[in-house]
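Right, one structure below, let's go through it.
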């Protein structure tokens, strides 16, 4: 299984991550952590007034699967609407990667989606929290 | 093993316990309890100024082994000196009963000795405690 | 007396239990102590051996095939258990060492480490096993809460008027056994949980004697927490379960701190893993879990309804035959349908210890003593009982042997 | 390089481990993760099966032959363990679920339920496993005591000047691992215990990585408490040990409340059983104990001195061969005699997870991740490591396979 996992595409994204870097003026951002293996990921998003994602970046460290998944996901996001991005489901990520994944590695693969969702819903969360107060 | 355990002597002491009863004016007394099976035993002793055991009684409830052991032990005690009684060891009880005993039943058999020792040493204990205060 | 077709094919079942071939003092084993611990079928023994022989590894964290197999075994067993008691999801199933640890996890995580304080009350019953007493004594001692106990009536049923009287706005927990290990009484958990919820209290169920013996549906009972032991339901020793509604588990603090149960650790501070793993500090016991899974497969293949019917049949025959013994005192309900598959009793001639010893000479294993329920013994005014308990490998012939054995006891002590 | 006669006959030993016949992705299993959990020899697997098949029963209370056999098995295992670590008596040996539960028993029974308060301090080290961190965090949070940690130097040894600085009259406990599961460092316990005793503090030793791998003599170490796990020393999962000096155990409160651990119980109050049973609430795990006893027999027949020598040989060869890999970072002491049988490392090309995944494809099982020692990872400035660990069934050929496997990793990630 392992060798099928490390396909050229995956390795390419791992070695040459797209959209890697910080974004100090991000509109939305979130971080999460996979306690089992130490993968650590932050995603930053810039959006315009129509809710279109205009820029996206990520930082963090982890295995080839979690990092290439982040790289590929961020590529997919630019130009998408927030509500569209909210609809991305795990299956989509698995298809995007196109490799066999065990249960443990699935967590690595889905960390990027998990962080993205956290970022996308962070505004509503903080709004909801403000309203509560 | 069981049938060898319930010999005539044991059953006789169980059904017709010697020295059974309370002793409100005891010089020494103690109670103990076997948490595994619920055997419960109190021994009362009367002694004269020379330290001779002049009377002995026991109360409590439990299985044939613990109760007959108490009955037989109390019989053995009358006329003995306290220091002599302190020297009675578990082997002596096992020989006195003269039956095969498993580890669990050994606890039943030795409860009476345990309570006797507690009673015999209770004076010193309470003296020691008084001194501490 | 002609008997109807039995619910279980005991002769066939017995062949699955290697220990049934053992001779005790030259006589075939007649095992009537399953309420203490059950025997294990070949299927369970082999599941454990096979784990060690084929896919033993640390679960969850291993990035290699063995570890993935072990994790599948462990988490697969969790799924089986969830299904067996009809939990909503496997994240409601915490693996523990047994009923005792399960209840302690609640006593610490919800009680001692929780928000309880003076003025709060916990209601239990006089028929509880020590495992459902002592943890609450701890909470009383460390948090100053008040404990009270629902009494029983002369037949051994809970006094339901006590439930109404004791469960008040101050009550935060009602902790009660589903089936007494001495009286056999099966308690109306659904009603008790409903009453607890009326005052916003939680309801914890000690299911050590119920889950092994009859169908238990946690959603139907609507209890908040439920504890049972693998070793009493054909499973290995050292493994058990705490069921909890997800929300209830999420609000509880962990008892054991260590590996597995953490998310992030820094010097002096840490955050916890998700439920159920938050409560599973330390390397898990996958061999135990897999063995318990095999036990559940075995019980499911028999059908828990059939297991229950079988035990009612044994109860009926046992109560009838024991009832003929002069001077016998049988504890608990006399209706075989209203009790779990066990009968505790005393006879005037002999102490329970001596009964057990003589029965042993006849190859019959029963329990004697206080059955880890001293407060109940005190309540009933007896220091100890003899107890015969039944399971899937017992037949009416075992009861016949018990009765014959008791005659021997009477002869010896005549 | 010519090698001297090896300390263990690995080819022969391997035949005792059924799992070694397993193929992983078509290749023979090369198991290098024994520091996580060890494999089990036939002798242990059979001891467990035999318990269930021949003498499974509840221990301690049963007045029948089966129960007596089970009790002999359980208490006999306790004797074996006492002898193995040279305890004064078997009453110093508490059966637990593993190292984690053992340390928690102390954190609750001596810490949270004990006499500690503000101003008291507990000293530990930065190299501890989470199991020897989190329980003390609990004590800190519930009792307001201060924690501090002895640092390590660049080679991975404890800074002994920190011991002198941190252990003061305020110190009540020094809790330290005998062997780090990441650095491999073997700590000078005797010296540390002496220092603790100078200020009347207790010394608790996490022996999870020491008792399985080299001779440990608790009287010689003079530690007060010591914890280890059966599953790391050829024994079953779900069983472990807490050793404690009798006086220390006697002064501790029990953590788990329930059956077995009581003397007398009344409604609302209870008294405890004698040590060690006071700490063994709930039905014990005799199958686990008997299996651990069999594991100890197995290790004793090899000789712990030989096990240790064997692992030093593997360390020497492993450090030499791994040291040749360009850019590799090996954690911990470079002297093979100063470390336990394990080597954690990172290589620049690939993340430990990816190393483990590719090695798996080659049939090689190693650990990757934070090894349940996040504070140490933080201290070393790395998020994760790859770790190969050795035991009695490993040979230099396993290290050759590891090196070949790492070449493959470098090729893939070139």
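Residue numbering begins at 1 within each chain, and the chains themselves are lettered A, B, C and D in the order written.
Simple rule for what comes next: a contact is a pair of C-beta atoms (placed from the backbone, for glycine too) under 8 Å apart; a residue touches a chain by one contact, two chains touch by 3 or more.
Because the structure is a prediction, the values reported are computed rather than measured.
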Checklist entry - Which chains are shared contacts of chain A and chain D? => result C
Next on the checklist: Going by average Cα coordinates, which chain is farthest removed from chain C?
Outcome noted: A
Item to check | Comparison of B-C and A-C (more C-beta pairs in contact) | outcome: B-C
Checklist entry - Just how far, in Å, is the C-alpha centre of chain C from the one of chain A? => result 46
Checklist entry - So how far apart, in whole Å, are chain A and chain B when each is placed at the average of its C-alpha atoms? => result 77
Checklist entry - Using CA atom averages as chain centres, what separation in Å is found between chain B and chain C? => result 38
Checklist entry - What is the distance, in whole Å, between the centres of chain C and chain D, each centre taken as the mean of its C-alpha atoms? => result 31
Checklist entry - Tell me, which residues of chain A touch at least two other chains? => result 36-37, 105
Checklist entry - By residue number and range, which residues of chain C touch two or more other chains? => result 25, 61-63, 67, 262, 264, 353, 357, 360, 368-369
Checklist outcome for this item: In contact, pair by pair, are chains A-C, A-D, B-C, B-D, C-D
Checklist outcome for this item: Listed in rising order, chain B residues that touch chain C in their complex are 1-3, 5-6, 11, 15, 36-40, 61-65, 105, 108
Checklist entry - In their complex, what parts of chain D are in touch with chain C? => result 18-19, 22, 24-25, 29, 31, 33, 36-37, 39-40, 44-45, 48-49, 52-58, 61-67, 97-101, 103-104, 107-108, 113, 126, 129-131, 133-135, 137-138, 140, 142, 147, 149, 229, 231, 236-239, 255-259, 261-262, 264-270, 281-288, 353, 356-357, 359-360, 364-369, 372, 374-375, 378
Checklist outcome for this item: So, in the complex, the side of chain C touching chain A is made of residues 60-63, 67-68, 71-72, 262-264, 273
Item to check | chain C - residues contacting chain B, complex | outcome: 25, 350-354, 357-358, 360-361, 368-370, 377, 383-384, 412-413
Item to check | chain D contact footprint on chain B (complex, rising order) | outcome: 33, 35-37, 102-105
